[in-house]
Amino acid sequence: MRILVVNCNTSEETTRAIERSATAAALPGTEIVMAAPTWGVESAEGYYESFISAAAVLDVLTMRADDADAVVLAGYGEHGREGARQLLDIPVVDITEASADIASLIGHRFGVVTTLSSTLAGIGDSLLTSGDSGRCAGIRAADVPVLALHDDVESTARLLVADARALIEAGADVIVLGCAGMAGLDRALEALIPVPVIDPVSAAVGMAELLVRMGKSTSKAGPFAPPSRTKLRPGWPLTNAVVAAA
Amino acid sequence: MRILVVNCNTSEETTRAIERSATAAALPGTEIVMAAPTWGVESAEGYYESFISAAAVLDVLTMRADDADAVVLAGYGEHGREGARQLLDIPVVDITEASADIASLIGHRFGVVTTLSSTLAGIGDSLLTSGDSGRCAGIRAADVPVLALHDDVESTARLLVADARALIEAGADVIVLGCAGMAGLDRALEALIPVPVIDPVSAAVGMAELLVRMGKSTSKAGPFAPPSRTKLRPGWPLTNAVVAAA
Amino acid sequence: MRILVVNCNTSEETTRAIERSATAAALPGTEIVMAAPTWGVESAEGYYESFISAAAVLDVLTMRADDADAVVLAGYGEHGREGARQLLDIPVVDITEASADIASLIGHRFGVVTTLSSTLAGIGDSLLTSGDSGRCAGIRAADVPVLALHDDVESTARLLVADARALIEAGADVIVLGCAGMAGLDRALEALIPVPVIDPVSAAVGMAELLVRMGKSTSKAGPFAPPSRTKLRPGWPLTNAVVAAA
Amino acid sequence: MRILVVNCNTSEETTRAIERSATAAALPGTEIVMAAPTWGVESAEGYYESFISAAAVLDVLTMRADDADAVVLAGYGEHGREGARQLLDIPVVDITEASADIASLIGHRFGVVTTLSSTLAGIGDSLLTSGDSGRCAGIRAADVPVLALHDDVESTARLLVADARALIEAGADVIVLGCAGMAGLDRALEALIPVPVIDPVSAAVGMAELLVRMGKSTSKAGPFAPPSRTKLRPGWPLTNAVVAAA
Amino acid sequence: MRILVVNCNTSEETTRAIERSATAAALPGTEIVMAAPTWGVESAEGYYESFISAAAVLDVLTMRADDADAVVLAGYGEHGREGARQLLDIPVVDITEASADIASLIGHRFGVVTTLSSTLAGIGDSLLTSGDSGRCAGIRAADVPVLALHDDVESTARLLVADARALIEAGADVIVLGCAGMAGLDRALEALIPVPVIDPVSAAVGMAELLVRMGKSTSKAGPFAPPSRTKLRPGWPLTNAVVAAA
Amino acid sequence: MRILVVNCNTSEETTRAIERSATAAALPGTEIVMAAPTWGVESAEGYYESFISAAAVLDVLTMRADDADAVVLAGYGEHGREGARQLLDIPVVDITEASADIASLIGHRFGVVTTLSSTLAGIGDSLLTSGDSGRCAGIRAADVPVLALHDDVESTARLLVADARALIEAGADVIVLGCAGMAGLDRALEALIPVPVIDPVSAAVGMAELLVRMGKSTSKAGPFAPPSRTKLRPGWPLTNAVVAAA
């Protein structure tokens, strides 16, 4: 099967990092296809950038999702999830939701360690609307710049330990990495703390594969029924040609 | 003072209708300035269109908000609210939140009557994240096309009566019109049912004026601290020049 | 228009302080009329006093509200709100609820700084029943006697700084002053902390004016339908003559 | 032991009816002492009357509770509970809370059948602040005037059957009578429906006796610490002498 | 009346300790009959042991409850409550739920002090499903082994003081002892902290007596309707003969 | 890998049906090993039977889980989940939780259609404690005996259609089959209604495989730390030998 994994920002480096996580997690027969917006934000570090990235990601999906069997949205805590589910006929798995599901199967309460405190409120909203906040013991930010993370996993893990421990103290017995794209960081952090650590991209790729294997896709009988594409109007330039042809 | 009222879609007709509501509601010294996206959706009728409209509205705000004292976001239940608050230094009032506030001051529970059932889930999410769902007795859609509403208020009101009554039966003693832009529809519906009806644009214009008069604006000490604009990357064409100049 | 602002206690000094806040906040054409109970409590510092003050305030409203266009209940966190809405045909704005509304428009989470820890539980109940607790990051008391506050705003602000900062640490990006009546305290506290501060009397006066301008008043089709006044019985002396004449 | 059972209204007939319930429920050695306000409302049928009755009941408690071992507040869903707990050193049991406790021990979800729909919102608030709404399947009113209930229990029970059945349909497997004072109505209604029916006065008398036997009383280390009585001011005439002497 | 008090573990020492609490709390005419599983766990110190003990307790109830008027389940936070209510026709009072009820009548928020941190999550679940978590300010474990508690109450009380104080700091004004069986520990701890302390066995015995006196028992019209006993199958050896004869 | 799928009852027929679902869902390299209690209940149709089955299932796990890579608990809504997580070092996936996760990825709200109304309350508790109730639009029972279901899927599907449609009317856009063991029933029901239908055994097998592939297992740093097995006492006959040897 083919899974389209969509980075929410325009950083090539982030796309490559996500790809490494996704590829490592995929089943043998699964083809991971990466995509990223051609416009939008280089890094989604708060509400404003998240909303811009949501539209940019939806733009990518309009153009790129046709030959995929499932989509993984690889922006942790970012907006757009429900829009993608409405747009596409194939399953759409958000790494925020998938990692909460996986974490809840192996722990009593999960904690989220993310990079920037400017993203905490948006992550909270995402877990609230996905119905996953009841099992969440807390969300903390190490305030490490996203773009500074792509060095080596051991040193990055060390930057996250203090917040992970604070979450364990607050009741978490599993940690979710609240950011996409750092293959092996889960293992590196597990070496430093006594609880399992979930890489959200791996969780989402696995759940996307599972949905495809189960033959289940987004319900079109409720709020995810297709939008009326013809209402898109000239002026959203990049998508426009594609939409006209759809 | 000057209040920028932003339609979330590209329909000129909707913009004019919102303008009539906003102007009728404004204080004598208030100048209502209308804006609408130059790209995006002609009508936001669900999650997908709402996310596109959010980015388009944020694009408008980047270009148009500089000389305003406050912004009213005139898309009922639409995404983007928190992004606008992050982007701008002036107060940002969402008609969804403002109308819930006003309704809660004059009733025990409010019900929302909107036009399309495809928007119900998104409205629910908006009230959930704004913390206003506790006073909401229900959200119902008359399934009248948004674009068909701009005829006369009396006949439109008649289309909404059945759902308004169902909400009253379910415990609502105030009705909020879950759509922007139909000056006088609140009065027309009040003539047909025994409870007050809130026009959300009027509510939001009033609360925007109030914030300006109080000299209060969005807190920049939390998640609404300004985004790092320089990260916006070439390819989001309409905004790009403006951002470069910012 | 004429707005009746009701102090919940019998302290003349508090009434004058509230008046200063209310007058400073009012629109040019608004007449602020002050009222206070002639019996009841000198300071409402907990549940018991709050319930006594609620009846005393309702007694005042029976006698004084007839020529007003709206009422502001100027006791932060005090009981009686829903009773006043039932009693009167004009809008009734509680400073607790109005300030939560205003704070929620300009911040992600608000914190309440009040004077006495004996009032914390009652404030919590008030925010819970008004549906405003979801946006509240915490309520803290500086344990400064209410009657000691009316000196100068700068020194009072300094007394509140530590609790305001603790609330900001806990996630608040707006502070609400959890007490009525100290014109200018919001500005004085804003000078000391990095977030906006809301004076609840100002917020309530503004929202009362807004309701009057919108022509909206309390719904009489639900639990705020008028009580059966004739059931009041001789023995509640001050109100009795008024009630008999009604 | 001596239990002071306080009617919340001034109706002698209601006081007598409550007394019959309380006496039938009491342990052999328990003396039931009835009290009722000398001012206030003849029947508490909504928020306004409930707030007046709260002050009137607190007034009674100031004068009458001294020689009691516990107090039962016999107004279903009425305000004042927390004020009484603050005022007195002896245990204070509210019939609303006690009957929810008892019902929750013998059923999965309880439903409340009350008399007047004007009281539904207040009952909901009371269960919400007492933390008992989670087990409540619904509250319904038969819209029978309170004063018309004191005839015979069989015919009254028949008036409540339809609403009790609607609550059972909605998931209730226990019914709580949402009004004070009709000894034997629980048995009469049990004869007509397949679920247990709780008389709230009986439940509260039993729990008051239990608290006395356990030697436990209201905590004075939190919000129920005693109020500063000296702040009561001349003008609340009936209580004043007592307060001055206290 | 006869009340069957069931220890959830097989420790004779714990059974005796519970008996002392129960006997001290009972009304003069009440006969306390103790029971304990003949298989199961010596101490229920977490989810696994709690589920084993639930079945063992249900086994005991199958054999022993026939001549009792009510049952008290004396395992704090343990599973099985709803099963016992389904199995038996007599009232079933869980010490977890009863003590939350009693604590809520005399305080604003209660805190639970228990022995082992491995039991905290299960206690939280029990309070959540019983609807009692809304009044709970926190649950803390002193991490004292259950079996080490049965020495003298004064020294045990000293072991619990630090956690009780932490809960008071967090808002509790009543403490519930989160374990069965230590007559007098409530008094001993009350001597060291400024808030009331509830012994859950005493609370439950009192509420069981009350239900019997009120003539109310578990509703059989909902989820507690009797199970189909004949489906029990050979292989659950101890109960089998009894079930066959039932 | 090897996945141990545990039926919660002793019915051979149910075990075989679950096996068909599990086998159909498994990846090529996965070996499905079935287990069922040798004692307990023939069918878990309510709280009592659920608690007995929980202990019986834990007994099976003590004896059978050693050579498995993961466990699937195939009793929908049944107790024991947290106990199994505590007992075992391998991942434990409950079909209730797994199917809620899968349903939430492809719909806005899911509805549960189960067989017997006596199980509704227990299912509700299971979704509440697993944190999955926020996305659940309702749980309905067709009141078809569990043992009567194993005929053909088409006729069974027809028995569930009315309740599935009622849930769709109530807002569900995905249906979860609230019972284990009927391979192909999801497809048969999908042929009759316009929304996806989730077979919970398939969902759980897939998620168990995913956890194994991810190399993640139950956290042992919180409430799922291993129990103290030595405390098990002679008298729980079937497990005893195994425990002694452990």
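Points worth noting:
Letters A, B, C, D, E and F name the chains as they come in the text, with residue numbers starting at 1 for each one.
Keep in mind that, in the parts below, contacts are C-beta pairs under 8 Å (C-beta built on N, C-alpha and C of every residue); 3 or more make two chains touch, one makes a residue touch a chain.
If you're wondering where the values come from, they're calculated on a predicted model, not measured in any experiment.
By the document's definition of touch, common neighbours of subunit D and subunit F comprise E.
Ranking all chains by how far their C-alpha centres lie from the centre of subunit B, first place goes to E. Mean C-alpha position of subunit B lies 44 Å from that of subunit F. Note on chain placement: the centre of subunit B and the centre of subunit C lie 28 Å apart, centres being C-alpha means. Taken residue by residue, subunit A touches two or more other chains at 82, 85, 108, 121, 222-224, whereas all remaining positions touch fewer.
In terms of which chains touch, the assembly is arranged as a closed ring, every chain touching its two neighbours and no others. Across the interface of their complex, subunit A is touched by residues 10, 37-43, 45-52, 54-56, 58, 79-80, 82-87, 118, 120-122, 125, 128-129, 222-225, 227-228, 231-238 of subunit B. Across the interface of their complex, subunit C is touched by residues 25, 27, 82, 85, 91-93, 97-98, 101-102, 104-109, 130-135, 168, 171-174, 194-196, 198, 202-203, 206-207, 209-211, 213-214, 216-224 of subunit B.
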